[in-house]
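Order of writing sets the chain letters: A, B, C, D, E and F. Residues in each chain are counted from 1.
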Amino acid sequence: MPGGLDPIVMFFGLGLLAGALKADLRLPPAIYEFVSTLLLLSIGMKGGIELAAGGGGGLPLQIALTLVLGILLTFLAFFILRGVGRLDRVNAAAVAAHYGSVSVATFAVGVAFLTRAAIPYEPTMPLLLVLLEIPAIVIGILLAKGLRSDTPWGEIAHEVLLGRSVLLLLGGLLIGTVAGAEGLEPVKPLFFDLFKGILAIFLLEMGLIAADHFGGFRRHGLFMVAFALLIPPLFAVIGIGFAALMGLSPGGAILLATLAASASYIAAPAAMRQAVPEANPALSLTASLALTFPFNILVGLPLYQRLVDWLLPA
Amino acid sequence: MPGGLDPIVMFFGLGLLAGALKADLRLPPAIYEFVSTLLLLSIGMKGGIELAAGGGGGLPLQIALTLVLGILLTFLAFFILRGVGRLDRVNAAAVAAHYGSVSVATFAVGVAFLTRAAIPYEPTMPLLLVLLEIPAIVIGILLAKGLRSDTPWGEIAHEVLLGRSVLLLLGGLLIGTVAGAEGLEPVKPLFFDLFKGILAIFLLEMGLIAADHFGGFRRHGLFMVAFALLIPPLFAVIGIGFAALMGLSPGGAILLATLAASASYIAAPAAMRQAVPEANPALSLTASLALTFPFNILVGLPLYQRLVDWLLPA
Amino acid sequence: MPGGLDPIVMFFGLGLLAGALKADLRLPPAIYEFVSTLLLLSIGMKGGIELAAGGGGGLPLQIALTLVLGILLTFLAFFILRGVGRLDRVNAAAVAAHYGSVSVATFAVGVAFLTRAAIPYEPTMPLLLVLLEIPAIVIGILLAKGLRSDTPWGEIAHEVLLGRSVLLLLGGLLIGTVAGAEGLEPVKPLFFDLFKGILAIFLLEMGLIAADHFGGFRRHGLFMVAFALLIPPLFAVIGIGFAALMGLSPGGAILLATLAASASYIAAPAAMRQAVPEANPALSLTASLALTFPFNILVGLPLYQRLVDWLLPA
Amino acid sequence: MTGVAESHRKLVTVITESTLERDLERELEALGAGGWTISDARGRGDKGVRASHWGHSANIRVEVVCDTPLAERVLTRLREKYYANYAIVMWVQDVEVLRPDKFR
Amino acid sequence: MTGVAESHRKLVTVITESTLERDLERELEALGAGGWTISDARGRGDKGVRASHWGHSANIRVEVVCDTPLAERVLTRLREKYYANYAIVMWVQDVEVLRPDKFR
Amino acid sequence: MTGVAESHRKLVTVITESTLERDLERELEALGAGGWTISDARGRGDKGVRASHWGHSANIRVEVVCDTPLAERVLTRLREKYYANYAIVMWVQDVEVLRPDKFR
């Protein structure tokens, strides 16, 4: 299927199908962690290698704009959820934190998509991914609780800044930068050659997990479905705008659009559960996992590529 | 050891030895599942790629004959167990279901054997494997319980048709057919290059598991030992006959003989435990795991190759 | 960083950092076992392949001297711990058993180090590794308990001789010897191509584990810190002396020095817990994991290479 | 035992084959249990050693806190359905709970 | 119940969300518990099915053996802190222990 | 507590180092226990934090349902053999069982 979907998204479909049929295909949690560890390190190291090769121009501006983007998207999501969706403050803030933040799995599929299409992208993208993960969570908590003194900021900072994904991405980035392509040659078979296969396994599991969450829809109504499917293209367009401000290449713009369009389902849920336990965790997870994630990898990526072609002509 | 045993069966020997010495070499269950998931997907995808390349001629006949073969073998096993072994009806039916059905691990070693000997085989074999897995289980339950109304057929169908192995094999087959060799190039390092190494790890664990079951022999007597060792060559010959009817290549005939000779130790035990709980599960498992499986991979494969050479001269 | 540290030790650093920051980066135990199984089999098979290629000259002398070395190092450690450190007999014996024995992880990093520097070494080294693992444990128990009759020698022998590492190393060695390089070609992608990547993952986990044990220092005082950091170079020099007696190549001498310098943290703790439960297990583990292991892979390896160049000029 | 918690209930503990998990959940639901807790276990009994293989733990350990009539119904139903052919053991204890409404 | 063990204590069992593990440990320490035991679990209750995903078990099962006053403090504190927003269930039993000094 | 189950037995729960699993099973068998259940656990006690590393859980949780004399023998034996040098905790409870013959 050249030019079309990456065959690895079929693994997601297989997982979805198995999950919908209530088949017992679940991978053990240990494998999920192993596979995600490999993916996070790979993505980080790939970026680091490119940085070492001298590809990190304009970084301070990119960093600043990424933080602004994260804050902007969270506020936007919050006001839509409050204004249009009529969610109560706490739940609107929690969902907004998810959509302002990012999904590493979506990013990984985006990287595979670009690799397949042979489109290069900025090596700083894994760093921007980390940066985009965090502000939404802080803003989300503030929107839910205000500046109350009993928010355990220390614990939340620990949870978010020292979470698996942040540490593995930044660690990989650092190792890649210091060691360079040549130094990492011996670990290439595991971290780079197996990347797509490992991602396929990961997507199989994601399909199963997404299927688990479909049940949540009945309860949460049409608004949340619309939100989960319409926010991605909207946020992608905003992401493309920021990519233009940063002067990113088309590949970088596609990835930034994808990140903006994606919704967190690991870091944000964990932080919200801790800081805003009154919020209904199923609401955000259902939208993020069962709708936004599949939408982004199945429909979103090719769409964002066209949008970039159209909005940012070379 | 060219021409002789595949070195990977030595991993089975190592597991057997470690198990016999009661050494603590057991792999965690999560690894067993990971490794078997990879193998099942690989086998399916391999078949699918060949199918996409246009290798699926004569399929309807193959499917029909495979179903007949599964039913025939189960009845044959049942009458031998009842007539010669004097087992009670319930236990005879349960053991017959195991021997009418198939072992995917044995099939995987057969695939490795053919790859090593550079003998091609029909791409439809993974599909026939799935088809051969199922009728024996249905017949086994019917033989045990008759057409009683309280048999939970719905649950059993769910367990068997949506079991891990069926879903992963068929899923792999589908993905391979749709994506083709070129589309799956990026996942080749994980699913195809690592295949034999992963199979080696799997056989190490199988050796440990087989060793665990040797103890069961003392209780189950000489008849079961003879049954577990004599049924495989007998069923292999019948399998070769069916291969001739289907017009399979020598490679395909070796695999069909191997499948007929193999005994289930995952799908059948689970289904029998649910539908025929009165049957003694140790009886079938001991025969299948501790005798038939080792026999097939150590002695059977080269034997079936010779039988095919002899019975189906090119 | 050519000529300097191997990039894979940066993974150890990442683990150490994450552990120190109390970040939740821990790999599931199942992954630790999978990864260590692969490493042990790889190391053994590598040695076996070389043995098959005819590289095992002078083996009886090497075996005898390795056993002597193990006994000598254990007594030496014991007298230093009693005489200088003033530890009680039981704890001195237990720590001595750890330092007389060896660490397979350190050996694996040594192998990676030599591969990177393209320095060949004797194929018998994995065998010597196994031989060096054992005498220290026996001597340690004897030093702690004397020749008392209630020591469960049978169980201890079972635990040590049939432990994971011994069995997997010897099993790999045997498989490699029988199958040779050509026979193992099909499993090369898993066991050899992935070796360094798998070792990187292993070192990440080791860093986390080492960080866990830093806390133990406060309690155990300056003497143990000095012991853990000064014993390695001392024992390395003794190892180099034995390498000279055995007539090992420079690569072999570096590995034997590394083995002598390394301290057990799997086999010895398990055996001591069983045979000498009065000993404080944290004492040995802290020294071995949190100091000696990092010292050896970060500082020791390049140091021992220089020592070999200097003491054993070609 | 006063003062610690408000109400008395029964804790039924069932150790049985892990393959029965789904089946058992269906039974508990049908009997009207409001909740239960399951964890993996291994062990030994009349039916021999049951240790973990192939990704499935050998046994599960099911706990249900409920009132006495439901406890009786659970024991009766599981005895009828599983005692003859499965490895299974059950015991019952008194417990005190804080929110009796949660445990019918 | 004489003869088997020397002293009476309370066993508090808590089933709750596994993400609360660290938090709960901090609470138990602050309340002065001398020890506790934790294992992984799954289950069902008012807050729905809680089964294991993504490397984290859904629930944990925490056991604390302690004297009656501490048991009361544990129950009170956990109720105040977690009942409103988390999936949590607790029960209390009598136990006999050998070394009462180990369990405050 | 009548009506729910027929007979009274003791439930002995032991939390100890997981490396003792085989050893403990041998002891239980020698003492004549007809069965037991083991699950993995972690925890904290006098001997510090015991969390899972390297493929071995830190602690195991052993449960034995048996009659009072056997419960006493188990407690006595384990105390003699392990209290001095191992992380170990034990407690005893009353339970009701359905088939008293299964629990000696």
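By definition in this document, contacts are C-beta pairs under 8 Å (C-beta built on N, C-alpha and C of every residue); 3 or more make two chains touch, one makes a residue touch a chain.
Since this is a predicted model, take the numbers as computed values, not measurements.
Participant: In the chain contact graph, what is the shortest path length, in steps, from chain B to chain E?
Facilitator: Step count on the best path from chain B to chain E: 2.
Participant: Name whichever of D-E and A-E has more C-beta pairs touching across its two chains.
Facilitator: By number of C-beta pairs in contact, D-E is the larger.
Participant: Looking only at residue numbers at the chain E/chain F interface, is the share used by both copies over half or under half? Answer same or different.
Facilitator: different
Participant: Just curious, how far off is chain F from chain B if you go by their C-alpha centres, in Å?
Facilitator: Centres of chain B and chain F (C-alpha means) sit 41 Å apart.
Participant: Averaged over CA atoms, how far is the centre of chain C from the centre of chain F? Could you give it in whole Å?
Facilitator: So the centroids are 36 Å from each other.
Participant: Could you tell me which residues belong to chain F and also touch two or more other chains?
Facilitator: 39-40, 55, 93-94
Participant: Quick one: which residues in chain C touch 2 or more of the other chains?
Facilitator: Only 28-31, 33-34, 189, 194 qualify.
Participant: According to the definition already given, which pairs of chains are in contact?
Facilitator: A-B, A-C, A-E, B-C, B-D, C-F, D-E, D-F, E-F
Participant: Write out the stretch or stretches of chain B touching chain D in their complex.
Facilitator: Against chain D, chain B makes touches at 29-30, 32-33, 209, 212, 266, 270, 273-274, 277-278, 282.
Participant: State the interface residues of chain E toward chain D in the complex, per the touch definition above.
Facilitator: Result: residues 10, 15, 39-46, 59, 61, 68, 71-72, 75, 79, 83, 89-94 of chain E touch chain D.
Participant: So in the complex, the part of chain B that touches chain C is made up of which residues?
Facilitator: 1-2, 7-8, 10-11, 14, 17-18, 21-25, 27-31, 34, 112, 115-116, 189, 193-194, 196-198, 200-201
Participant: Tell me, which parts of chain A touch chain C in their complex?
Facilitator: It comes out as residues 28-31, 33-34, 37-38, 158, 162-164, 167-168, 171, 174-175, 178-179, 182-184, 186-191, 194.
Participant: Which positions of chain D touch chain B when the two form their complex?
Facilitator: My answer: residues 17, 19, 23, 48, 52-57, 84-86.
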